[in-house]
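Each structure below appears as structure tokens.
Both of the next two complexes hold chain A, though its partner changes from chain B to chain C.
For the complex of A and B:
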């Protein structure tokens, strides 16, 4: 029984981190109408930023969080204004290939700068902490990642639904031309969406770097899982992504608990394809 | 203004533009092993052949029909594993390749059923999903060699689909014939009713559908065609390397590589995948020598793909066409 509860708690903790990564992806898609195929590489970049801040400058990964957020947010804004914006005028092909190219580019840069080795952050304060309730163990890094992600996801939700700028973002998402006539500069809003999407992913990456080693291809699993979550929840839907993230977190932990953990991705993609067959717009997506 | 004095000077220019690529590409590929005459050059040439065959196959679906698949490693893997299993159980590799083509077609139908219900980005993500499922299933299957894959020991000769050492040029020309098959069939399809249907689907699926184009059927046909040719490339690849493993054949990296080749060359033209294969091979070898294969080739390819997507979606062929256009303007 306590095994089951432990698996459930692990699923919750994983789900909250995945939620933050996926919310970053869905904000970009919702506002800019572009799928960021490099989103997993955004996570990778944030983890490397955290790793460098901790190994070169002695920052604890927790303190490196703003650094990681700034680095990835900047990458997002830069890639938008250099390549994504011209590609938006092009066909669907251009729109897919531009972030696909960014993904390859970022992997290449990581491999060139850091090599292909697995790098682990040493001596993080959190790694010696843990909370135990009965038989249930919550390691510090994972718990902090879960709590931090929930707070950050909540902050993004608050910003988008409760502030004037957030409402301008929503307006741009619904109709950029109409937003322009209301005095909103759509390009600014697009850039802001990339900034939010990047920075929130950077926060998630710094939290994850506490307990997971980083290497140039680490983004693949995050990116794929984030696509699945966002597609499950309905592209552009923050609430949908939030729910789907927990569903995927649970599925990943329970499938590993009952079966072979090598197949957990098979279950996630299987669920994705099943949902696509019966509800192609996702759980909370607009048809 | 007509400077040539011919009644329709532009038609000569038009003929040149129509047949020049055939002469250039076929001439280049036909002469390559004669000009570059060492076994290591021939190995590179063989690589160029399987790049070009795979990207040409991919392009029928990704370029002509506009359905961007990032899951074609599955079919590459099917082709590679077909000949690897043939080697393991001492069947004939040629029969295995043909069997692999059939299996690839069947898998394309099975995968096509769910993924073609999706459009645009959703379709691309779903193909990543099917590709990863196939990769994980193969990697964890003992019958299919698990993470290790298969080392092969083919005898040399035509019947065994393998030539080593100084005879590699025969292997090269075999690839040349397979590539010709891919290009000629692509040209025939693109000039047929199916070609125009695919173009209509790429440009506007809803409009095509409302004009009576059976979009589901034709997307599926394009998928089967591309799966079959990518599987041929996979068989050719495994016979050459005498090896088939999950990371080399079934992984997302393989799908990405096939896609990059087509995109760099230009996805709207039948020549795109070929020029992509030449440029991809040249750049990756050059960066390997110059920078020691530490991922710098990815930096270059990623950058090129981003620039192409943003400024010239039809790749190098598109750049070439712009240049030819300028020449034409300068002439008249």
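For the complex of A and C:
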């Protein structure tokens, strides 16, 4: 029984972090209609921001969270106005490759700035915290990441669905021209989407940096997983990404504990293929 | 957020709208494309990597004229390794050690008066690139030998090319030995890293005596970790120990949560870790956070990782053919010169020392063959060469062409320094059924 509960708890903790990473990607797609292939590298940038704030300036990763959010939010906005916006007028291929190029560029910059070492944050307060109930262990960093992700994802949902600016974002997402006629500047809204997508990814990165080493290629796993989650949930759907993230978190933990962990990804991609066969628009996506 | 059609021509998204279906299609290529990224990155850095240098041969003719200068025709020696990608950290150290040996040899008269000209190539941890770069080294650069390699896949890839061109390959990383199959016994392969009997055989009796005999195994899912578990299980039959379970994760795993429950249930004495690269660091970090306390033995722990991440590495036991804590005049000198080139806080590691030793073994064999760089002349001389390396005296076993190395068992202290606990000198490599001489 404790096996089952522990595996379930692990799945919840993993799922909530994946949700926040994926929500950033889906917000950008939902509003701007571009898939950010460099999304994993946004996570990497946030982890490095957290690492530098911690190792150079002595910030605990928790306190470095706003720094990471600001850095990645800024990278998001700058990427949009410098690379992405011009490419949106170009051909489809240039739209795809502009963020793909950004991915390679960011990895190169990270390797130049920080070298290829795997760095872990030393002395994080959360690292030594742990909640144990009977046999069930919830390490501080993972638990905090889960709670932080839920709060942040909730805040994004509230902002988009409940505030005036959020409604302007939705309007731009549905029809930029009609929005423009209503006095909404679509470019500002596109920029805002990249800011939100980047900043939320920065928060996720700071939380993840508590329990994972950072290196220039760390984004690879995050980018691919986030893409699968967003596709599973339905492109542009926040609720869908949320649901899919938990499905992936659970599947990964249950298949690895009760099955052969070497094949855990087979289950995730198996689910992905299955959903795509029967519901190509994703779980909550609209056809 | 929902999407609807919009028909305006003002919309910058309008032309070639990136539809969902297309995104999915291209997305399927994402994995492949992402995997390709290091390849692309490597291509772009080719110009920088293809450095052809003769060490600091030019400075060897110093006015005071102390060391003999190497003035003859250069001998071209290739290096291939993982300079970009997930193993770049280790690859760079391996290259640093290789370059240090080349520099030292060139400054002290080269090989029989001829300087070494090093040609460096990056495989980006990719088999296809390893084949391409080995071919380039063999046919374009016409090197006489190649040194380097980390992953088994890169070794296998290089061995599809180099033996056909009659170019010996010094492979300097610890690996699975006979479990690799026929290629482990190739007349053009010279291995200076350790194979399982050299790493595991000295370690297991030490652990039986000092820690325990009940093991739980966690590793990455490929041949080396699985091969090491097989060797461990065989040895444990004699020792009266057991492996209670073995779990393998794909490379690039970010969450080891499922394993920790297994570990808690297993009540093992030793957690045997054969995870590599960032996976090892991720694992160690989460291990402490889950509150696990079983003794960790990790075969890929080294001084560089321990010094970079002392908090998570503390307490880990490892076995290597080189550790920076070896107390000998040779090692002190090696460390000093390595740090003079690469920085005061840097550490050479076993696969690097293997590359360093390879250059010297090659030099010794060519000199014993009266300066001939024809492998049929110098390979038979290898077993007669003894090199006083930073890790002690080493040589090449004539039958297997694998190095007779020294094994050092060490434990990471709180300060990230690996303290040497035990050592076994001159451990002869065992590759079953391999008789090359």
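The rule is simple: the second predicted complex is superposed on the first by the 287 of 287 C-alpha atoms of A that agree within 3 Å, B and C clash if a C-alpha of one lies under 4 Å from a C-alpha of the other, contacts with A are read in each partner's own complex, and residues count from 1 in each chain.
Everything that follows uses one rule, which is that contacts are C-beta pairs under 8 Å (C-beta built on N, C-alpha and C of every residue); 3 or more make two chains touch, one makes a residue touch a chain.
Because the structure is predicted, anything quoted here is derived from the model rather than measured.
In the superposition on chain A, contact of A:7 is made with chain C only, not with chain B. Judged by the touch definition given at the top, the superposed model places A:127 against chain C, while chain B stays out of reach.
Which of chain B and chain C touches more residues of chain A: that partner is C. In the superposition on chain A, A:224 makes contact with both chain B and chain C. With both structures placed on the common chain, the touch criterion links A:277 to chain B but leaves chain C unconnected. When the two complexes are overlaid on their common chain A, residue A:98 makes contact with chain B while staying clear of chain C. Touch criterion not met for A:54: it reaches neither chain B nor chain C.
Once the two complexes are laid over each other on the shared chain, residue contacts for A:213 go to chain C alone; chain B is not touched. Using the contact criterion defined above for the overlaid structures, shared-chain residue A:16 touches neither chain B nor chain C, since it reaches no partner.
By the touch criterion defined above, A:112 reaches chain B but does not reach chain C. The contact surfaces that chain B and chain C form on chain A in the two complexes overlap at residues 35, 37, 90-92, 95-96, 100, 103-104, 107-108, 111, 115-116, 216, 220, 224, 227, 231, 235, 260, 262, 265, 276, 280. If you check the complex, the residues on chain A that touch chain B are 35, 37, 82-84, 86-87, 90-98, 100-112, 115-116, 216, 220, 224, 227-228, 231, 235, 260, 262-263, 265-266, 269-270, 272-273, 276-277, 280. Residue ranges on chain A touching chain C, taken from their complex, read 3, 6-7, 10, 13-14, 27, 29-35, 37, 40, 85, 88-92, 95-96, 100, 103-104, 107-108, 111, 115-120, 122-123, 127, 130, 132, 135, 137, 139-142, 160, 169-170, 173-178, 180, 211-213, 215-218, 220-224, 227, 231, 235-238, 252-253, 256-257, 260-262, 264-265, 276, 280-281, 285-286.
Against chain A, in their complex, chain B makes its touches with residues 66, 68, 70, 114-115, 117-118, 120-122, 124-126, 128-130, 132-133, 136-137, 139-140, 252, 256, 259-260, 263, 267, 291, 294-311, 313. Of all the residues in chain C, the ones that touch chain A in their complex are 1-4, 6, 8, 10-13, 15-18, 20-24, 26-27, 30-31, 33-34, 37-38, 40-41, 44, 84-86, 88-89, 92, 221, 247-250, 252-255, 257-262, 264-265, 277-278, 281-282, 285-286, 288-291, 305, 308-312.
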